[in-house]
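Here come two complexes built around subunit A, the first alongside subunit B, the second alongside subunit C.
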Partner chain A sequence: MEIYLLDNLDLLQQHLLIQHQLYQVIEDDNGQCSWQQQTKEGNAPLIAKLPQSSAKDFFFAEHENLLIFNGEYFQETLPKPAPFVLFGALSCDLTAISYQDKFFKDDPYYQARRQHCLLVGLDCVRPCQQGFCPTVDAGPGVREQSADIILHPLENQQWLVITTSDKGSEAVKGLALSVAHWHLLTQRDLVLHQCEQDFPDNTYITQAIDKLNSGEIKDSFWQQLAVQCLGCSGCTTLCPTCSCYSTRSITVESEQKKVIKQQRFWDSCLYEGFQREASFHNPSSDAGKRVQRFWHHKFGNEFFTEFNRHGCVGCGRCEQTCPGVIGIHSVMKRINSDA
Partner chain B sequence: MLNHTPDAIELVDYIDDGEKARHYQFRLRNITSQATTYDWQSAQPGQFFMLNVPSIGEAAFTFTEPPNEQGEFRALIRQMGKLTHTLFTLPKGEILGARGPFGHGWPLEEIIGKNIIIIAGGCGLAPLVNLINGLIDNLADDQRVVLVYGAQSKRAQLLSPERERWQAHIKIYNTLNEIKDQYTLAENESQGTPLDIIDTAMSAFTKPPATALLCGPEIMMYRAAKQLVNKGMTNDAIFLAIERRMHCAVGLCGHCYLHEHYVCKKGPTFSWQELQSLV
Partner chain C sequence: MCADLVKTICPFCGVGCGMCLKINEQGQLLSVEPQQNHPISQGKLCEKGWSTPYAINTNERITQPLKRINKKFYPISWQEALTTIACELTSIIDESGSQTVGIISSARASNEDNYAAQKFARAVLKTNNIDHCARICHSPTVAGLKQSLGSGAMTNSAKDIFDTDLILVFGADPTENHSILGGHIMQAHAQGTELIVVDPRVTRLAKLTSMHLQLKLGSNIALINALLHVIIKEQWFDKNFISSRTQGFEQLALHVKDITPESVESITGVSAELIRTTARAYSQAKRAMIFYGMGITQYVSGTNNVISLANLALSCGHIGKVGTGVNPLRGQNNVQGACDMGCLPNVFPGYQGVAELESQEKFSNAWGAKIAQQPGLTSLGMTKAAQSGDFHALLLFGEDPVVTDPDQNHVKSSLKNLDLLVVAELTMTETAKLADIILPAASFAEKDGTFTNCERRVQKVNQALAPRGEAKGDWQWLQALAKQMGSQLLNWQNSEEVFNEMASLTPDYQAMTYQKISDNSGLQWPCTFDAPEGTSILHQQSFPIGRARFICVNHVDIDEPIDDLFPLLLTTNRLHFHYGCGSMTRKSPLLERETPPGLLFINPIDAQALDITHQAPVSIKSRRGYVETRAMLSDDVPVGLVAMPYHFKEAPSNQLTNTAQDPVTKMPELKACAVAVTPLAKGQPPKTIQQLQGEQ
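Right, the complex of A and B next:
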């Protein structure tokens, strides 16, 4: 780990642009934030402003070809992306990427993209609007293992640049950076600690997680909750750790030849037909069971053991897309009061 | 790293069996530019493969005969939805794809040389064919194998020639849900479901079965498992093959979940001990 001090972040962007495509979160006139490609430096990263969509699409594409069939044999269609950088990714989203890295460890399509990506994380020095990252150990400070470079804004408009991997050290080579004094790291810790204190009281989430794992919650509770779920897939689409997909075949015919492509695309375990078999046997035809499974996938002890953390990274996107129904805050509150 | 790409196979032959079911014979094609990607020879009884019908997609089927050295293998396939309907229209010689073998099959160490009760319903007999053939080839003198096979009707029964052949070596009880008025039941047939005949089948053993193997509709399997426990079998001696919708077979797409497990990887065979807490 190396720590540097930088007056002007443009220099780092400029430097990274030489060898990477650069993506950054940009806010539009309506206050909506989204990942956009930048061809030149100049946009300062936005503090604690979570983009509406997470970064998962960069690695686990919303839809992509898995193979093509030419009538004789099947061929892999691995993506070959140019090196790219996600500049200013926030800690919850980076934690989700680490989670997905484990889940898709052996998936060649995910890894083909992931290996070409440099992650530049950005500390949140104040709580965002809906998030609760401290409760699930996913922020607000960027975790060392989850990024290649960490940016920390200092009060005097300067930036702390912390490289946390070989890839990160390699990426800043050739850039004139001054080594920072270690006491700035202590200062960073203090600021992040204060930020954690500034989050609203989220103990109801911890309590609900315990209750969820106690096995005490009755099926009827989930059924009541599920009455309000439209099965729209909003939450599963936006959730940075959701990874279910489906497959389909597409035939492309031209005069000379016919090519068949098999694609995968994001699916949702909350859809009624997600598990429906050809015989119409459907083990999760009950909407309550589907909602229960979703929340167990995020907070169940069995998954914690496998991934060494919860499946939820505390970004609050599900609440934003489904206010008052089956978003995180609503569900956790109802588990405490009604279950 | 995983591979999502099937090996090319040829549809060699098929024969009809029962109502809307066929035995398919396939052969791996070794096109020089693309040698086979998978370890086909390692297939164990109860494991499955993903059949790719280009332009339609993929679906899971068990081997009734695993790939031999010539790369030939068989499956018994029921006509169900889009993929299987299309398959049933395809001529011999058609090029398709296959990935596999996948999953955990039957627990051979609990089976070889032991007394076994097998309970199968409908197409659930398919994943057991390869196993039963193997058991019969190596049957020990004092080993007893009993099969209970349930079908909807006489017409819906599958694998008649096989069952005829097995009959000489193992005890078979056939159950039929519906029978036509004039129909006289054969000696080894009765009206009802496998559940109705389990007690009788258990009494065919002088030494109780060490292991039970179940495959068929889920409710039938759960009830049968409970009945066997009542008859004195232990939860860890009963094994069930679970069917779930599958799209990837490698634990990624999520479709086959059963609580925290993915049936494609952890199953399709589970012990009743493992399953009880999951269903």
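Right, the complex of A and C next:
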């Protein structure tokens, strides 16, 4: 780990742009935040705002062809992306990427993209609206193992640049950086600690997690809750750790030839049909079971053991997007009060 | 990777949620995300909204004009298509007159497309034969509210849901059909707003409230009259409001004097006690809001049902204020706009009467053309006239009447009887299969324009993609066709010019421009020089007709009661996974998987009596038709009632539904008819209607 001081962030952006495509979160007039590609000509200022869609589709594409058979032979479909950098990803989303790295460890499509990516994290120094990353150990400061470089804003418009991996050190080579004094790291810790204190009281989440794992919650509670699930797939689409997918084959026939594609696409475990078999048998035909399964994946002890952390990184996206008002905060409150 | 994010409006339902289309470097649509700060949807979409890319990116898009020769379609050039259509139209008009041709436009198309369609009909073809599908959704709303209040639109706004004390949902299933609004209602209820649901089925909202009035099919008026009886008898009405803003209350009081809750118990199936509790809750609430849907309109008594809801709101003064009103939930994304644009046989844009001399002059001067004077035909009127050989050519876009219209067999044979049927569509539909010429239509993501949502909000739709293949927007091909027929009347340069011409002629849209619409995230009409910011609540000071009218209406039995041969009542419903005829949503593998092709909801008790098991193949027969599908056992339908969604071309419910009509609007009674259900042999898969009728 090396720590540097930087006066002008633009220098780092320009430096990274020499060898990478650079993506950054941009906010438009209506407050919509999204990852957008930046060019040498114009760099938007770095903002610590959570984009509506997380970064997961940079690695796990929403639709992709796994196989194409063009009538004579199979075509290679592995992506070959140019090196790119996610500049200023926030801690919850970075934690989610580490989580998915494990899930997709052996997935060549995911890994082909992931290996070409440099992650530059940005510390949050103020709580965001729906987030609760401290409660699930996913922020607000960027965790060392989850990024290659960490940026921390200092009071005097300066930046602390912390490289946490070889890839990170390699990426800043050639850039004129001054080495920073270690006490700035202590200062960083203090700021992050203060930020954690500023989050609203989220003990109801911790309590609900305990209750969820106690085996006390009745099926009827989940059934009642699930009346409100419209099966929209919003939560699973926006959740940075969700990774359900399905595949289908698409045949495109023209006069000359027949092309068959095997396509993988994002799916949602909250759809009734997700587990239905051809015989109509369905282990989770009950909406209550589906909603329960979703929250067990996020907070169940078995998954904690497997992934060494909760499946939820505390971003709060599901609360905002759930039309049925059963996102994270609503569900955790109801587990405490009604279950 | 996403290279561009284009803000636009969901193309599926009347809620009009804000979405962003994510476009990659190659200009293809990758996916969508909700607009975080949209005034209505606030960062949410329903499953239809989320599945938008599947509808547009499908491989099945029609990409060039097609001509049918016998049963096969052959690609032709646009020029050939236009020449053929123009020649045919001209010769039909020369021979048989303008009243034998017409257009059915689309509640899915933009305001600009609809404006162009009615102008094309009236000024180029010189006929008022112009309609769209509202006929089968909400024409009783327009007719009923127009008489009672003077305007047929939603009186209040979506945001009022969070600013009211009681929500009364009448014959509507908002969590399935207008999911985001339905979600708002769930949220408001969770935060303490009282919720009353009136519906024959146990809808999702009914499951969330203790106040569910599970009335019998078609007994709305009896129920509402009894509610009025109680409100008047107990002096729970709003005296000040009634005396200062309305007329006809005394007659109404007299009319419902003897309609006690006890007297309607057997007709409605709702206990007198529950009627009284409801009357008290609604009338005593400080602010109360009514939402209603097709459970009100799709009856022979549709118009009167709407009128009696207006009576109810007026009697309690629950109108013209925040958190009140009579609020129709309209189906398709732009059904409000299609009506506003005058895609109706009796009105020009802005509901200016075709029969009025003044309006005729206004439009003929503005367009610099002679226009049609004779009254026009409705869509049902056009198909009927085609059947009898009095109607010869139809241009149709974005609609699939063969699947969605009542009495499918009749529609099919009359369309076959036409000399010229032109259909503009995204993908092949059952109706398009009958066309002589098919034109490739541009999807909503491929054009600029505006949609008007159910709360009268005009919102901007922005082009994100190049049109697929040779596809064209509707006003663009109408323009090309007009030119081919020697008319320069549709010569706009872009959508904005169409909009500006329309706004200059439509009083309620007067003060709107594209820029202002974008800046304000939509504007709600009336948006006039007097109210340049738009209007979120109608009728605050007065009604367009001065005083609102109480109109006395009587209960009417459903047209086709059950009997020995047809012992079960069938009603139609919608599933939130699908939309309209399903030609867009069924392209999604996710939504397609959610429900098998066609199904019949039946109460377990009825099912047991008929020896039908869950998912078993069954046949359903009515006086008009026969279909096969699978049974879905569900307590959500009461004993004696079966329900069938209408999205499925394999088992279309309109093979069965009744064609008896509301006398005012000709709205068919889609919500009730008598049927017989029988199990098919085990293991015999249900046949599709195409197989049953011996086609491929």
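Operating definition for what follows: the second predicted complex is superposed on the first by the 318 of 339 C-alpha atoms of A that agree within 3 Å, B and C clash if a C-alpha of one lies under 4 Å from a C-alpha of the other, contacts with A are read in each partner's own complex, and residues count from 1 in each chain.
In this section, a residue touches a chain if its C-beta (ideal position, glycine included) is under 8 Å from a C-beta of that chain, and two chains touch if they have at least 3 such contacts.
All values reported here derive from a predicted model rather than from experimental measurement.
In the three-chain model built by superposing on subunit A, subunit B fits alongside subunit C with no clash. Touch criterion not met for A:Gln130: it reaches neither subunit B nor subunit C. Look at A:Ser246: by the touch rule set out above, it reaches both subunit B and subunit C.
Look at A:Asp267: by the touch rule set out above, it reaches both subunit B and subunit C. In the superposition on chain A, A:Glu62 makes contact with subunit C only, not with subunit B.
Taking Cα centres throughout, subunit A sits at the apex of an angle toward subunit B and subunit C that amounts to 80 degrees, reported as a multiple of 10. Legend: residue contacts after superposition of the two complexes on their common chain; A:Gly31 is shown touching subunit C, with no touch to subunit B. In the superposed pair of complexes, A:Val325 makes contact with subunit C only, with no contact to subunit B. Once chain A of one complex is fitted onto chain A of the other, the partner contacts of A:Gln158 are absent, as it touches neither subunit B nor subunit C. With chain A fitted onto itself, subunit B and subunit C come no nearer than 10 Å, counting C-alpha atoms only. Residues 246, 248, 267, 276 of subunit A touch subunit B in one complex and subunit C in the other.
For subunit B in complex with subunit A, the residues that touch the partner chain are 1-8, 29, 31, 33-34, 52, 54-59, 80-81, 83-84, 95, 97, 217-218, 243-245, 247-248, 250, 252-260.
On the subunit A side of its complex with subunit B, the touching residues are 66-67, 69, 71-76, 103-104, 106-109, 111, 243-249, 251, 260, 262, 264, 267, 269, 274-279, 281, 283, 293, 296, 300, 302-303, 306. The touching residues of subunit A, counted against subunit C in their complex, run 23, 28, 30-37, 52-53, 57-58, 62-63, 227-228, 230-234, 237-238, 246, 248, 250, 252, 265, 267-268, 271-273, 276, 280, 320-325.
Of all the residues in subunit C, the ones that touch subunit A in their complex are 1-3, 5, 7, 20, 22, 30-31, 33-37, 42-47, 49-50, 53, 59, 175, 179-180, 182-183, 186-187, 190, 204, 207-208, 521, 576-577, 589-590, 593-594, 615.
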